[in-house]
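Before anything else, here's the structure in question.
The first chain written gets the first letter, and so on, giving A, B and C; residue counts start at 1 in each chain.
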Amino acid sequence: MTMQQFIEGPLWTFAATVFLVGVAWRIVAIMMIGKPKDLTVAKSSSMAGAAKSIALHSVPHGGNLSRTIYHVISGYAFHLGLFALLFLAAPHVTFISERIVTVPWPAMPRWAFIIAAEAAFAGLILLYLRRLTDPIMRQLSDWDDHVGTWLTFLAMLTGCLALQESHIGLRLFHMVTVQVWMIYFPFSRLMHAFTFAMARKHTGATYGRRGFTP
Amino acid sequence: MTDVPASDAPAIDVQAAVDKFNALTGSHIASYLDACVHCGQCAQVCHFHEVTKDPRRTPAVKLKPITKVYNRHKAPFSGLRKAFGLAPELTADDLREWEELIFDSCTMCGRCTVVCPMAIDIASVVAISRQAFAAAGLGPADLMQAAETSRDKGSPLGVTTDVLEDRIEWLEDEHEVEIALDKPEADILLLVSSIELMKYPDSIVAMAKLLNHAGANWTLSTKGYESTNFGFLSGKGDIAKIMITRITEAAEAVGAKTVVVPECGHAFGVLRWAGANILGRPLPYEVTHITEYLAGLKRAGKLAFKPMADAITYHDPCQISRRGGATEDARYLLDGFATGFTEMTPTGNYNWCCGGGGGVQAIGRAANVRHEVFRIKMKQVEETGAEAMVSACSNCRLTMDESKAALGWDKQLMSLVEILADHLLVAEK
Amino acid sequence: MAENSTTGFSKTLLTGVMVILALLVLFGLQPSALAGELPTRQKVPDITDTSRPYGPGDLSDMWRGIRMGEPSSVTRPGKDGDVLIQSEGGQWQARRGALIIKYGSMVLIAIIAVIALYFMLFGRIRIKGGRSGLVIPRFTLIQRVVHWSVALLIVMLSLSGLILLVGRDSLIPVMGREGFSIVASAAMEGHNLFGPLLIPALIAMFVTFVRGNGYRLIDIKWLFKGGGFLGGHASSYKYNFGEKTWFWWAMVLGLVVCASGVAMLFPEITPGRRFLQFANLAHAAAAIGIIAFAIGHIYLGTIGMEGALEGMTKGTVDKNWAKEHHDLWHDEHVQAATTDTAGAEVAAAAHGDVLPEGAGE
């Protein structure tokens, strides 16, 4: 088996399995912990509160935007850029439609790719610089934050280096970094991509029944 | 697990804290702990961080002790983490180091949740953490004492039933108002806060006047009169339950369908939104805050007020507005009555805390920070041009009164029920 | 003193704006200045014309027209899309090789050689009085973060850019065509994607470092003394003539690099090929200018001079270093000198070299 066959075959299958099973396991395990039934009398709908929180909590509210503007701008730039790259970059669209779902969807044009990549890189770097220098974030950060950031950065970087799509070696390099990222994902704080909805659901439900979703 | 105590420090029962943390970590708490990405935005809106700029006073830092226990014992893949040596056990030093953050440095106001990208309810995690710290034998002595006094004497300020009876009798004489105490039967059980009884008795008089005027069938009860729940605030679950049991027994004794909580934010938050869970069964009565109840009476046309032109603004008690769901009721009461009313910025559900909620008011060593926090409020009020700040929480009021005195501020602090009672429109019959 | 630095700041700002304006005027000029003079275009002749030198069907004029870049009729018209042969491309290629690569390499090699020679002859510039044990806060944490962001970007972009510029000549012999092809592909994509980040980084650098970088009279004296390299003491405030020149050099050439880089990244927004060819040459020339100065800067900041690097890592410098290299700044900040190195680092991180209130004259 060549290196290419190994990376595109068994290693890909392994990474994808760890990712899917790990993520599902962690979500189910958190839900299985359970919580006691709330016996208080609801004033308003907890379902509506949960839905509102999941869907709308990302929208800055409460008049605090000027206080959190750095995180809001760099956070949005990074996440929107990353999602655009992940789901709309032409090579990804091809890969996903060949391997995962057969229905292709339109890829974004080159100029949009460049803007998305700039936004994602600038956002990630700004957030990481803040993590390194802001006393508040330094106080909170642990090794997982650093490893997660670096793996994400490397996956993005190798992807961009392979953008010309003219060398198998560069593509395999990208695939390997992504596979490492996928294997690390379920055991790390990268899981916030899923747990964010769980946390928001609980807060939204708890406070939705009181009549105000924070 | 218990550390060998230093000569002057009390023993810290780490295992008890670990057990408590484990017992109280439900899937909601687990979701919170797993979702925190350590971004630190919560610090930007916390009043304690705002005035100290101390990075340790970041709300998310308060999640650390419980996260440590969670990662070692309950989290998914905790076995894997332990195997790699990545999940150390909680230590006595951790607890000692975090005590001030968990008790003195959080009023459980919930502002941090608003900016948290994950909407983590740090306040509820702090409430749980206090139980674990209390189980380990930690917590500020004065706050713990207030809880124990509530258990032993009926109220954190030592208002026994005798004191209650004396005070009520004196108030009735002094203000020529009928204050029902221990009526055998009533639709409404009114609670009082000992802060009102001892420091702001006019507030009780005002409630009595308003309820009497509206023709409500209400009473106070010596069986259960104290609305504040220092058992909850100090993390002593058993005392929290005792306090709620007393109220419930009193309500059942008089056959009350409604329990009205006076001007006290946490008293309302605990009884209304945690009471049944602490008691372990649904409460056999409806819990309502005095502002909600009065708004209902006004809506029903049973109360009307003479206009008041004073330049005032309204301070939202966190547990009544943001975390209580009764933000609009105070506005409804002020509407059409307080013609000189101006909102602060921010206000309502996004207000700044007074700095003394969650029992912090009772912690003596936190006084200086509280005063600093009050500067935020002073600035907010001054920006509105109001001459007086009205609130519907005697704990907020006490906190702010102390800070006002310490800082020599010249604006007035008022109670909503008091200004309402002062401007009650008595129709000529 | 406060008043002085304020006027210094506005002067600096004014200088910066003037330089940028001048540059914009220059940049807006006809690219022919660099791309060379072009023959006048001719109208494509009517090939049925019997009066043509070789009779009807004489295509020589048509081919001449095509050769001269005369637009033709095409099914997908667009920017330059109707030009069959763009002859200026040959000129661009020749200039890239004969001017940029040739002289660029010579400049870079010469600078490295001079520095190496200097280092061999004179060695490291030591702090003459030795370390004092006292430190003075110099750079804020924000300034250091900005500096290292720009530094990292410039190093990455220089390496990938040089691979693209001279890799064909220098790397193919080492790694072969296939190997170089992979490296060049990665270098191009990396360069294209990280390049634009230099724009916000340089803006941040301008904002955080412009104060104190305005030229003053004393800089001329410094220049005449050769910055102390020729012997004698050259006085300076926070930044000396060399450092100020580096700042403005990086800003001005950075602007050229960024503008031309954006043009090449988004060719759709440019007037056409000739502009892009001009942009490419300007990009390379300016980049070599930055790299050349950067080599000297990196040398002096690291092995070249004792006590310089820590200003940009810890944020503090030794008092004796300050006295030797920035005596006037040292005199202003001498009372901030302290043996509490940890405390000075914290103070530097938050306030840089701003003295506490009430300090100074």
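The definition used in the following text is that contacts are C-beta pairs under 8 Å (C-beta built on N, C-alpha and C of every residue); 3 or more make two chains touch, one makes a residue touch a chain.
Worth saying up front: this structure is predicted, and the values here are computed from it rather than measured.
S.K.: Line, ring, star, complete or other: which describes how these chains touch one another?
M.R.: Basically the chains just string along in a line.
S.K.: Please find the two chains that have the most C-beta pairs touching each other.
M.R.: Counting C-beta pairs in contact per chain pair, the top pair is A-B.
S.K.: Approximately how many whole Å separate the CA-defined centres of chain B and chain C?
M.R.: Taking the average C-alpha coordinate of chain B and of chain C, the gap between them is 60 Å.
S.K.: Could you put a whole-Å number on the gap between the CA centroids of chain A and chain B?
M.R.: 37
S.K.: Can you list every residue of chain A that touches 2 or more other chains, as numbers and ranges?
M.R.: Touching at least two other chains: none.
S.K.: Applying the document's contact rule, which stretches of chain B touch chain A when the two form their complex?
M.R.: Against chain A, chain B makes touches at 25-32, 34-41, 43-45, 49, 55-56, 58, 60-61, 74, 76-77, 80, 110-111, 113-115, 117-121, 124, 272-277, 279-283, 286, 321-327, 345-346, 349-350.
S.K.: Along chain C, where are the residues that touch chain A in the complex?
M.R.: Residues 141-142, 145, 149, 181-182, 185-186, 188-190, 192-194, 196-197, 200, 265-266, 268.
S.K.: Under the definition above, what is the set of chain A residues touching chain C in their complex?
M.R.: Counting only chain A, the residues touching chain C are 111, 114, 117-118, 121-122, 125, 129, 132-133, 157, 160-164, 166-167, 169-170.
S.K.: So in the complex, which bits of chain A are touching chain B?
M.R.: Residue list for chain A touching chain B: 25-26, 29-36, 38-41, 43-44, 53, 57-58, 60-64, 67-68, 71, 75, 127, 131, 134-142, 145, 186-187, 189, 191-192, 195-196, 198-204, 206-207, 210-212, 214.
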